[in-house]
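Before anything else, here is the set of structures, which you'll find just below.
Common to both upcoming complexes is subunit A, partnered first by subunit B, then by subunit C.
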Partner chain A sequence: MVEYRGLDGIPEDVDPYFGIAKLDEQLKGIPSKKIVLISASPSVGNEVFGYQIIHKNIISNVKVLVFLNRTSPQSYLTEMKEYDFPSNDNMVIIDAYSGITGIKSDETDHIKVISNPYDREEVKSKILSELKNGYGLLVMDSLSLLADFFDFQYVNSLIKEIQKISEEKDAAAVLLFTDWGYDKDNVDKIISEVNSVIEVKGIEKRVIFGQYFAVLNCDWVKANDGFSSVLFKSMKPGGIKVYFPKILVTGPTDAGKSSFIHSASHNAVSVDKLGGTIALDHGSVDFEGYKADLFGTPGQERFDPLLKMLGGEAIGVFLVIDSTKPEQFPRAIEMLRKTETYGLPVVVIANKADLKGALKKEEIRAKLHLDSAMALIQTFAEDLSKVDPNEPTKLKDEGVHEALSVLFKQLT
Partner chain B sequence: MEGIKTGFKSFDESTGGLDYRKTYALFGNKESGKEQFLYNLVQSALASKNAIVYVLTSKSYSDLINEFNVRNIPINQYLGKDFKILDDFSRTNSPNAMDNSYAKILNGPLDLTGLSVSLSGVNSDFIKDAKTVINIFDNLSNLLMYNNPLTVYRFLQFICGKAKLAGVTTIFSVDTAMHTPDIIETIKNLSDAIIDLKLENGKRSFRLSGTSREVLEFKELE
Partner chain C sequence: MATKSEQLKSTLQRLSTVGGIKASAVISANGLPMVSLMPEDVDPNTFAAMLASMVGSAETALKSLGAKNTLDRVVAESKDIRVVAVQAGTDAILTIMIDPNTNYGLILLESKKASDEIANIMKQ
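Presenting the complex of A and B:
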């Protein structure tokens, strides 16, 4: 049984599951007997979804059968490894590729070879007979290529047979499909055969400037308002990460904005002079399957014209305050107003909570007139003896992670 | 706006070079000089500050670099900068082949999605740097050999359509002797312009149709 911990950190019994942030939160994994179609635009692709789903399940002891006709098993395993998704004994590949290129592939315990991938009966019988051998999940990469090789009628009847065996054997299936602009009726027929459809697309004009996935339908989860689209980035290594392109970190001078960004990110950059940030901070956060770009504003009033610019297009805000300096609180609220980010999800970070004279949470709430729904998280220096006023201070993971978790949850 | 010079004087003078944003099919049999045409185009286009994505389906990226080197075409200075290679061949023989700064290793001829995704990515990077881009497919015949032709047509339609929207010029070479007339005919229909090459009496010649300055009689390529 797979244990999935979302942003709440609460384990859920899901078996199998996607291993992709937000998708597991929205759909609660893939229940057995269910078939999921992941349909991608050809300029974005869905293969990394496949790698990640396979990997998360095989490391959780779910036996996964991979039908592969897109590339050779060796090449597939190499690419999985490049994404940091190494295979293990729980993964078995049906190789429907090598027979096409004429390159000999030896059958092993983990690679089952289809000798003639042009033979529709051999392909079908190999998939169906192997699926009966106790797999928790079947991943097909790719279903569209199979339709290209044979036809949509063949693919539809295969899905029906997979459904039947999945019901008998308590298995689930994920079908990877690239929509090259096929006849709509053919695609609709496939959609009508499966239990859930996830769409993967690019936001593009002349160039692709974003990628998103969205659950189009799902028959085991009720979503009254529908499912939201989710921006993502595909990282090598790392795989699919839910992506927040711009989160603002603002607050008065010396409250600890740079410290927060540096502690939360792996590659933060500050443009600063003698300790105080005079231009901006930037850092990329990679946390629990989420990726976010943090932009920090300078605290000094003379830079207020910059605030508006930096606040534009932000989708969430961390407001960092110094718990020992209540005299700066009005400035903190003013900065939030000047960023024009009112109405966006905000998490207040009460930094320096470990210093002498730091106000308690309730006192800060009262002085800042915070609504009870507004999150207030305390952060502390990892080691007070190492604090250097000219360098960002490393903060304890505990508070930083809590702050990230609370804001990300509000954003999804 | 002047076209993209191919480096062949007779071609460039009579046609004005390749038009930006157009899709060209480069037809010819094995000895017609398609590769030489593409290599000259690479040299000339890079010298004029264009960016090139070179898609390989029947040789490895290291073989391609060698071919440039033996022809004394200076390529090293452009590698990873204005010249990037999508190698759809190496993994067939060496499954562990890895990417480097100028060559991305793809999964082989059946993975057209992988090719399309990588092409979009590299094109986007070049366009964001405000470069004019040429996509060169050397060659399409290998993709046609392994895939259902209909699949390749859909792929072509998709990537050429996207290339046009992005202002990218596309040229793909096709070995005419390898395909049936109906396949050649369909590829012609999917292209804006056709360059035919042939070798006769020890001389290579070309003709061009589908542009404003057509050359409809074979003319020596020099």
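Presenting the complex of A and C:
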């Protein structure tokens, strides 16, 4: 692997450059002198990637130059703010848009204006001369519009020049590109000029309708079996989140499934009567750049006919058990079978681990016949004195967070 | 060729021109939203999960009573909102939220047509 220099120069302390979960994990950020192309299909759009990358870097004190020909600087900044990405002094915009619309734009410290965006030479020289002023990152929104304006030959030579200056000045670049059905040769040529290509597309697999990104290639990280594609959701505010549409939470009666869902998510809804869930719990989790929808099943046996429906399309499972009730363990395994989720990544949550008579981790493992690779995490009530049998109990964050991060790691 | 989600969306848009339909969505039988035309303050994820569980429960209840045919629709009513969930093939459910003081018969007819369309799109 090519040596990666973190933003602060300490190789162990790898500061993310993308600010997007999973992308930073796969690519270890964007090292300087590298050019990344983010290529999107028209139905999806890649502008939020731009906002998020810009924001991540300006708050880490990296100077970012933004070439903008898609919209006006004002509406760009407003849009960024709507995603909760406010700008700061580290961000400078080259405005190649106002000149097209005829709206007068005043040059300020943070907005440089291209007076005639139809002038090939002015556009090029403005970008290149500004880039020499010590920026860590150049973001272009959008490269495809520039190709529409001039031609692909122009764009290719511009990328070459940017590469040259990036080498001299230790800068990196992110180019946003929307593929409106261009000639394949032209697109391939651009792809051959850059160091990494990230593809953003829509997915329609059976009933999963969503969006994904995938690293097509990258010359500074070796991935022997390629990079996995990642489902994401664009949240306003919040930006790009890695998304898991359905994670099942199951387990025997009164183990704490609803408690887990309510503790992990911010907007959980339960269908229950007198403390027991009768149809399902649902909650959205927003955790460290990941977003997941949790579906909780009822635990009582008389609702078993519903389990199969709830388990459909799930991609991971939390199996919640009561650490003090080993007699329920066979039921827990039976529920995994009934939800038809056997074989998916499973994290076992041993709840009520702080109660008297709770079994130790090893004892639970032995009694459940767990594979040693399967994760088992203990959770505790935040405050035992507040436990109300008719309400979901608030669980301590540490166990809940550990469980989430372990399952999310297995899923991507 | 339009993508599936574009086709589903245009079916919903056509349906929404019928008077009284306030919101509509196509969800999977497993409770995931596929496409939706919803007011901004409604979370489509929660809505889809709840509706699918209603349909699933109703289906199970009917079967246990000896129903021979599959479930056609589930209706939930309050004074200000009526929600109708219509089966659209095996994988999808069409859900619509309507004003109860409108021409219910017409809406049921139109939603049946739309659900057949959706079933066809899903089969592609």
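We take it that the second predicted complex is superposed on the first by the 391 of 412 C-alpha atoms of A that agree within 3 Å, B and C clash if a C-alpha of one lies under 4 Å from a C-alpha of the other, contacts with A are read in each partner's own complex, and residues count from 1 in each chain.
Operating definition for what follows: a residue touches a chain if its C-beta (ideal position, glycine included) is under 8 Å from a C-beta of that chain, and two chains touch if they have at least 3 such contacts.
Values in this document were obtained by computation on a predicted structure and should not be read as measured data.
Chemist: Once both complexes are superposed via subunit A, do subunit B and subunit C end up clashing or fitting?
Modeler: Once subunit A is superposed (C-alpha atoms), there is a clash between subunit B and subunit C.
Chemist: Between subunit B (first) and subunit C (second), which does A:K246 come into contact with in this model arrangement: first, second, both, or neither?
Modeler: In the superposition, A:K246 contacts subunit C only.
Chemist: Examine A:S142 and indicate which partner it touches, taking first as subunit B and second as subunit C; both and neither are also allowed.
Modeler: Only subunit B; A:S142 stays clear of subunit C.
Chemist: Using the superposition described at the top, determine whether subunit B or subunit C touches more residues of subunit A.
Modeler: Of subunit B and subunit C, more residues of subunit A lie in contact with B.
Chemist: Between subunit B (first) and subunit C (second), which, if any, makes contact with A:S43: first, second, both or neither?
Modeler: In the superposed model, A:S43 contacts both subunit B and subunit C.
Chemist: Determine, under the contact definition given at the top, whether A:R206 touches first (subunit B), second (subunit C), both, or neither.
Modeler: In the superposed model, A:R206 contacts both subunit B and subunit C.
Chemist: Now for A:Y51: first (subunit B), second (subunit C), both, or neither, which partner does it touch?
Modeler: neither
Chemist: Could you say whether A:Q74 touches subunit B, subunit C, both of them, or neither, answering first, second, both or neither?
Modeler: So A:Q74 only meets subunit B here.
Chemist: Just one of 3-11, 21-29, 93-101 or 129-137 in subunit B hits subunit C in the overlay; which is it?
Modeler: 129-137
Chemist: Shared contact residues on subunit A, subunit B side and subunit C side combined as an intersection?
Modeler: The answer is residues 43, 202, 204, 206-209 of subunit A.
Chemist: Across the complex, what residues on subunit C touch subunit A?
Modeler: Going through subunit C, the ones touching subunit A are 3-6, 28-35, 43, 45-46, 49-50, 52-54, 56-57, 60, 64, 91-92, 122.
Chemist: Please output the residues of subunit A touching subunit B within their complex, sorted ascending.
Modeler: 40, 42-47, 69-72, 74-79, 82, 97, 100-101, 103, 142, 144-145, 148-149, 178, 180-182, 202, 204-209
Chemist: Give the list of subunit A residues in touch with subunit C in this complex.
Modeler: Residues 43, 202, 204, 206-209, 245-246, 267, 269, 271, 279-280, 282, 284, 293, 295, 305-306, 309-310, 312-314.
Chemist: Applying the document's contact rule, which stretches of subunit B touch subunit A when the two form their complex?
Modeler: 91-93, 95-96, 98, 107-114, 116-117, 120-121, 123-124, 127-128, 146-148, 150-151, 154-155, 157-159, 162, 165-167
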